[in-house]
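Two complexes come next, and they have one chain in common, subunit A, joined by subunit B in the first and subunit C in the second.
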Partner chain A sequence: MKKDKLVIPDHNTLFATDPYVKQREGKKAFEAPCSEQETAEALAYSKSAEYKDKNFARTSLVVNPHKACQPLGALMAALGFEMTLPFIHGSQGCTAYFRSHLSRHFKEPTPAVSSSMTEDGAVFGGMANLIDGLENSVALYKPAMVAVSTTCMAEVIGDDLQAFISNARQKGAISEELPVPYANTPSFSGSHITGYDAMLKSIISTLYTRSGIEAAPGSGEGTGEKLNIILGFEPYTGNFAEMRKIMAAFDTAYTFLGDHSGNFDSPATGEYSYYYGGTKLDDVPKAAYALGTLSLQKYAVKKTLEYIGGTWRQQTVGLSAPIGITATDRLLEAISELTGLPVPAELTEERGRVVDALTDSHPYLHGKRVALVGDPDLLIGLVQFCLDTGMEPVHIVCSNGDNGFKEEVEALLASSPFGAGATVYIGNDLWHMRSLLIGEPVDLAVGSSHLKFAAKDAGVPLIRVGFPVFDRHHLHRYPLIGYQGALNLLTTIVNTVLEGLDEQASGFNHDLVR
Partner chain B sequence: MGLDIEANEQLIGEILKAYPEKARKDRQKHFQVNTPESINSCTCTLKSNMKSRPGVMTIRGCAYAGSKGVVWGPIKDMVHISHGPVGCGQYSWGTRRNYANGMLGIDNFTAMQVTSDFQETDIVFGGDKKLEVICREIKEMFPLAKGISIQSECPVGLIGDDIEAVSKKMAAELGIPIIPVRCEGFRGVSQSLGHHIANDAIRDFIMGKRELAETGPYDINIIGDYNIGGDAWASRILLEEMGLRVIAQWSGDGTINELAIAHKAKLNLIHCHRSMNYMVTTMEKEYGIPWLEYNFFGPTKTAESLRKIAALFDEHIQENCEKVIAKYEAEMNAIIHKYKPRLEGKKVMLLIGGLRARHTLGAYEDLGMEVVATGYEFAHKDDYEKTFPEMKEGSIIMDDATAYELEELAQRLDIDLMGSGVKEKYVYHKMGVPFRQMHSWDYSGPYHGYDGFKIFAKDMDMTVNSPVWTLLKPGKSGLRHKEGAGL
Partner chain C sequence: MEPIRKDELDAHACGSLSPKTKPCPRPKPGEAAGGCSFDGAQITLLPIMDAAHLVHGPIACAGNSWESRGTLSSGPSLSQYGFTTDLNDTGIIFGGEKKLKESIDYIAGRFAPPAIFVYSTCVTALIGEDMDAVCKEAAGRLGLPVIPVNSPGFVGSKNLGNRLAGEALLQYVIGTGEPESGIPLGVNLLGEYNIAGELWDIEKLMNSAGITLMSRITGDARYKEITWAHRAKVNMVVCSRALLGLAKEMESRYGIPYFEGSFYGAKETTYSLRQMAFLLNDREMERCVDRLTEREESRLLQELRPYRKLLKGKKAVLYTGGVKSWSVISALKELGVQVVGVGTNKSTEDDVRRIAGRVGDDTEYIPDGGASRIIKTVRDRKADLMIAGGRNMYVAMKEQIPFVDINQERHRAYAGYEGLLRLAKELTYALANPIWKLAASPPPWDQEVPHDR
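Our next item is the complex of A and B:
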């Protein structure tokens, strides 16, 4: 095998070879390119304070935002339920994009169908497409539930989903037995997290209403149903596993309202099924018997929590991503309070081990200046982790955060001396972040793969956390929450810092022991 | 081993039984088994470029994807606004791998997501005023941008915005070309109309607008190469080695200047015929520039194409052409010598875009592989007519095949390799079928030209013969690819 080894350079090295370098230079004769001086000046200008001011004065232009649109979240919510086919009503290109986007992050299939509306749909409405689409998709993909969300097109022309679905039943395209929850998820409002919320609420309320069950909070205690748990728009399948582990330690029954970890982490066995895992449809109405509902993404599932607190009259506890020791302590306290069970000893012991790890690594974390990007609940978790470990958040950018989020983060920052140097930006994008990273440098950037461009321009190492992570493999399979998640994040961060020390070592300080 | 025409026709019939009557009748028209007759006379009874059935899980995209994602997006010195809500631009940000030299955000704006991020108020009151401000802000943020294109998303066309008027006004104000492109996703039935709309916008706003200081007898254009993983560069090098002068690359690593001077060329070479044929026929009509479709996948087709190209020039070029082919011969033989024994007889199925489903056939054949079924997402009749003669008797040719159909076919044909896109990829991993993404080259490439074929061969071998496929089922009985696995 070795002796016929051929050297085959690919795009990583091929274009650095002489013939291609010459080609690149030669091509410029036809490009009417900017001169090197112009480019150098523009680069320098883009790093200036003046540029930063102009960048922040933008009122309409959005460059590299850190948010996606509603139906993407609706699709993820649908895949959290047993044998559920996401159905997106509108132009078909949207569905192709959502499927690609989620598959690039999870490295997993993303089954979803579109009603494939075209120009005549824009004129006459999309009812025929919706009805045919339901009939075809049920025949081919045999779902137990179809979850319908909408694209901009269907929303702008004002398609009436309720009437259309009801007509589909009347025409016999789908049976009365098939639940078809629907949510209006136009891309011109909210973001992927609001779309997640809208679909989740619709699925829960539809299944509940259809069941005829009467909400009776706490009555399920006898049957073991104590707690409902909502993870939300969760990019980490590992976080579901971590919650399972925690709940197993509490030894109490619970229901995940939305669990896409099966669909986004299915085994390769030689056979493919469209549906893996998910919350059982029968379990959804029964969740109305539980004592309470706990969410780990309160900003992502606002409306769902309102519904559960209102219609189901349940106690709801909305947390944000429990990242780090303090936030995980709070999570366990919340579970303990909701269920009346003590915090299990094994989790306390695990806590001790992870705190031990933090004490080992704290010299390399302390005082490190950090920039953070992500969804609101993730950011709250990350800020808490920084404050736990002596890292100092500096720039916090949230493209899809609201004023309530901003106030909460600011209050959290104010609670610690390590938060004193931070500024929270809502509605801003990663081009703003570029100016921030260049103007006021930090040691580490924490965020999704989309942050890699700004991080590179500023020469800051990127810790990939959140959604989407396209350019690293399997990170989503490891938990970010709970004590284990704290250890995982700590390990990534401290080793990135240590890697940096090795890279920058001048010689004598290329230390063997750190 | 020949493929059985009747058996495959029956197989398609069985697969389509799962559909409700109306959809089944429609889907039937999108399959054809290759017969001696269709090979010889290119008789294409297969229907294409028609609406997808709702709810079937089509793998198609939309007109915006065809325009912004394919044609306009790679033009590196322009800023392309994804005009409308945030999603379209977000999902198409940096995912196509159309490489471009330059400094991102300074003089190269390809892997960026520039959007007007429409909100409810923009839908209600219209987005034209906002678009004006956006153009000004682009000029301020990106002073070296040589132009702006406005890539319309669905709502823009539905709410009646006048982006043409805004473009005209702002182009005059800012002194750079601003091009409105009406590529709303609901137009047409796939990416294909988006290509056409994008081509028309190039024709109307940029084509023929600039001069080339010096022209020569060997000036040519590369049209329809999007430089995925560096494809256009691996192609250009061969043409230049042959003594030709490439004056424009459309549109991979392209510039607005190259769009504007291309009419000065003596010949248009078109690779992706589907997405840019409109331009070569337009330039033929307007400027009398002849054009030639070429195929740089695999050494056989590459040599064939190089000779066809050279034949349009003088002896000097023809001699060079032979020298170029000879120069790479030993390298190509070494590649084939190494990989062919490992890939010989492996069965391949493809479902890709509008060109590669036929253009890559030769490359697979150079490696001894057999394409048993192939099809396109958005091809037209002429693409299919060119496909039948390239395929073996009894092979299956399909149009806009759905996820269900592809999965059934893969199993029933017992294929050894599937080539399609990222939406399909992981399904086949579950099934234990080796898979390559044939849009993005699965983060590899280039695949064009001689340098590209080496990588192509290595990648196909790596995928088909990876030992990971033998791990799917515990125990020896679970091995899917018994012979050759992991060697």
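Our next item is the complex of A and C:
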């Protein structure tokens, strides 16, 4: 087959060709359209200050949400453990959405099952579905652990998971040996990060309680100076790799409490094995011997950290995403304090190289106005990165942030003159963000793929960071945290700026050297 | 919420009136699940591009799905907006009707859509929100169609949701408007959602044959055109049987004859166009269709030749969730591709019967979902490639099986004659890409015989 014959027009090119353009034009008159003038007027109005006020006066309706729901986070938490089957109790469509959502982001299969409740379940409760579901899924997928979370449906009818699971054991549907942690994760409260937290805490506490191990911080029986590390609701598999690299440099033992990088970045070997990597189940109770626990997200794992600090009596340190030099410095200091080890020279050297890169590029970043949207911990990291590099955060929108988050970001912004022009919005959506982008223009928008429409309306380039990223490939395989992450983010941002200069160049300024 | 009329649904669920036919199959607990009825209703209605689609429920249903459909629009994009009441605990305890009312008012005031579709979800159905009453009141007050779609996820499968959406159209939309006078009356397409722009290829063919496409139900549709769907002369039910109930009801109410057809494959396409002309009872048009189909078929035959040579005897496993399986089988057969395994877990018995009529006796049916089951069939039957949707795509990649996406994430249109050619190219491309050879060979240092370059 000749190569040229294999060029297949996709919808991007095909329907832009003449016959289709004519066909569309011809059809328009019959489609009851608004006149072009009306459309233009409405569009102009939607970009006015008056409209912005009306948009912000909106209370009941959410337009273009920027959050997912609890069980999606719970599913991710479950996939952080060895041979663990995420089991979602409720109606089946939810599970299908989560699987699609995560697969579209990671470009990987997402194993998860549902108890597929229907009207019968709504009327009589979901026990039969849960028990049958556990029996079927254990037979089909042979997991070492099943992590049960719930959808709204099971929560509204008030299914008692603890009783149902113990009934399943009594009936012999599942064995006594199979750990079945469960978490109540209704999507009508919180967001995907709340669900992540609930499931992680349940897995850790269930495995710990079942083991009969007695927590003894720092005793490290056979494990040495062990540190526990939590990455949280982590859309970047590359961040796990970066943490591994950092910990290898410190040359100390550690346990990831929740590591889904195996499941979401597995090799193509010719054989799909359903489960990849994850924290070993036996390692979880032993983590109670560690010196302390370090989390790279704090808003996302509040309850888990409380549990570890309380029941395991460990020192816990909750950071937000360590993005940029300052935040990575803090990460390394935290590791150093928790383990008593000095920061390894190789990391100091890496820092120097990345600082060098930042100084190379800083003229193009200085004073750039930035709009940001994302999860709380990610936003704190990004704001810190902006302040590090002389970029000015302007609009910061967080659909799932609380007042504590707002105060923390405001304090962070107040610490730098570059933060003076910023406003933090919590509980707002991307339609609000659109008004902000149009009303007070910025140079760069930073956020998930969902932001692409508002960014396009406002004519702002989008730096894709966070979750979900559906329309670009492999970004999640590159770290965003650590010095390497700072370099990656810097490269993306500065080259977007330079790309913009080339696009706008009129001739004399189409520079070869920038 | 209006009670779901279960007996009536069972009677014609997924299309068949025969009491012996099984209704839309129930999902089995403990398996990797497919979409729900809410999703199904959205699949059917979201392609009404200029309407607003408001999801009354917690964040899950809209938050995890908005904007991610493969259905394309040639103009308005309001249907891509994620409108939701985002109910929280307070809404669950005290009811969300006030929030719903305010949301409807806001959309009507700020976005001025021709209509608002309001979707119930598991939660709002369970807590007994009277969505019908809220919609009715709002519609009267605002002078705007506000249409309740009672298809909460727990009632069942995607297929059932398609059907419930059809019911909503029948109850609230179809028959409420009239086409401008002077427009030639023609054919409605039921169940074609313009994935990857397929409807535009079909439209092009119909235009060439002089057949008027009246109402698109619902690919790239405008609300208004659906209001006058009852004036069409013919209904064509495309591929999925889920909207067959709608066609049947329109026949009995408005006397519109219908037929079932598909545009996958040349034979099916020709049949569909001929059937349209035949039912329109227009001799001149029939001759026109004959000329068109002969011309297109012979041209296609010519252009397909090199690809058929490459595809002949290749074995494929097809897993599309049911509704499309029988029509895609025909297309694959024309290309010489043998379907050795086919997913039927979401197919009705009617669909399975159609599949059986199109595949050989030794074709394996895959009744249950789950990636491992599909992979097993691929291995057992030594299939050369897998044709499925996005949720199974990455499993194929792990297994190094050439893969062609047939569901909504795809970006290429396969309908009609030119679509078949594109499908042939896509299959060839999938098989011929050097990446599969690279992926399937171990690294040089693990090879027993020296790597042959």
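Brief remarks follow.
Criterion: the second predicted complex is superposed on the first by the 502 of 514 C-alpha atoms of A that agree within 3 Å, B and C clash if a C-alpha of one lies under 4 Å from a C-alpha of the other, contacts with A are read in each partner's own complex, and residues count from 1 in each chain.
Definition applied: contacts are C-beta pairs under 8 Å (C-beta built on N, C-alpha and C of every residue); 3 or more make two chains touch, one makes a residue touch a chain.
It should be emphasised that the depicted structure is a prediction, and the values quoted were computed from it without experimental measurement.
Overlay on subunit A: subunit B and subunit C clash in the combined arrangement.
In the superposed pair of complexes, A:F56 makes contact with neither subunit B nor subunit C. After overlaying the two complexes on the shared chain, residue contacts for A:S266 are found with subunit B and with subunit C alike. By the document's definition of touching, of the two partners only subunit B reaches A:R434; subunit C does not.
Of the two partner chains placed by the overlay, subunit B and subunit C both lie in contact with A:G93.
Of the two partner chains placed by superposition, only subunit B is touched by A:L43; subunit C is not. Residue contacts after overlaying the shared chain place A:F124 against neither subunit B nor subunit C.
In the superposition on chain A, A:S191 makes contact with both subunit B and subunit C.
Looking at subunit A, you'll find residues 1, 6, 8-11, 14-15, 19-20, 23-24, 27, 30-33, 42, 54-55, 58-65, 67-69, 71-72, 87, 90-94, 96-101, 103-104, 107-119, 121-122, 129-130, 132-138, 140-141, 151-153, 156-157, 186-189, 191, 266, 268-272, 431, 450, 453, 470 touch subunit B in one structure and subunit C in the other.
If you check the complex, the residues on subunit A that touch subunit B are 1, 4, 6, 8-11, 14-15, 19-20, 23-24, 26-27, 30-34, 38-39, 42-43, 45-46, 54-55, 58-65, 67-69, 71-72, 87, 90-94, 96-101, 103-104, 107-119, 121-122, 129-130, 132-141, 151-153, 156-157, 186-189, 191, 266-272, 431, 434, 450, 453, 457, 470. Within the complex formed with subunit A, the residues of subunit B that make contact are 18-20, 22-23, 51-65, 77, 84-88, 90-93, 95, 99, 101, 103-107, 111-120, 122-123, 130, 133-134, 137-138, 140-141, 143-144, 146, 153-155, 157-159, 185-189, 191, 210, 212, 229-230, 233-234, 236-237, 240, 246-249, 253, 255-258, 261, 334-335, 338, 402-404, 407, 421-423, 425-432, 444-446, 451, 454-455, 458, 472-473, 478, 480, 487. Put simply, subunit A touches subunit C in their complex at residues 1, 5-6, 8-12, 14-15, 19-20, 23-24, 27-28, 30-33, 42, 51, 54-55, 58-65, 67-69, 71-72, 87, 90-101, 103-104, 107-119, 121-122, 129-130, 132-138, 140-141, 151-153, 156-157, 186-189, 191, 266, 268-272, 274, 431, 450, 453, 470. For subunit C in complex with subunit A, the residues that touch the partner chain are 4, 6, 26-39, 54, 57-68, 72, 74-76, 80-89, 91-92, 98-100, 102-103, 106-107, 110, 112, 114, 121-123, 126-127, 152-156, 158, 180, 183, 196-197, 200, 203-204, 207, 222-225, 306, 310, 370-372, 375, 390-395, 397-400, 409, 411-413, 422, 425-426, 428-429, 432, 439-440.
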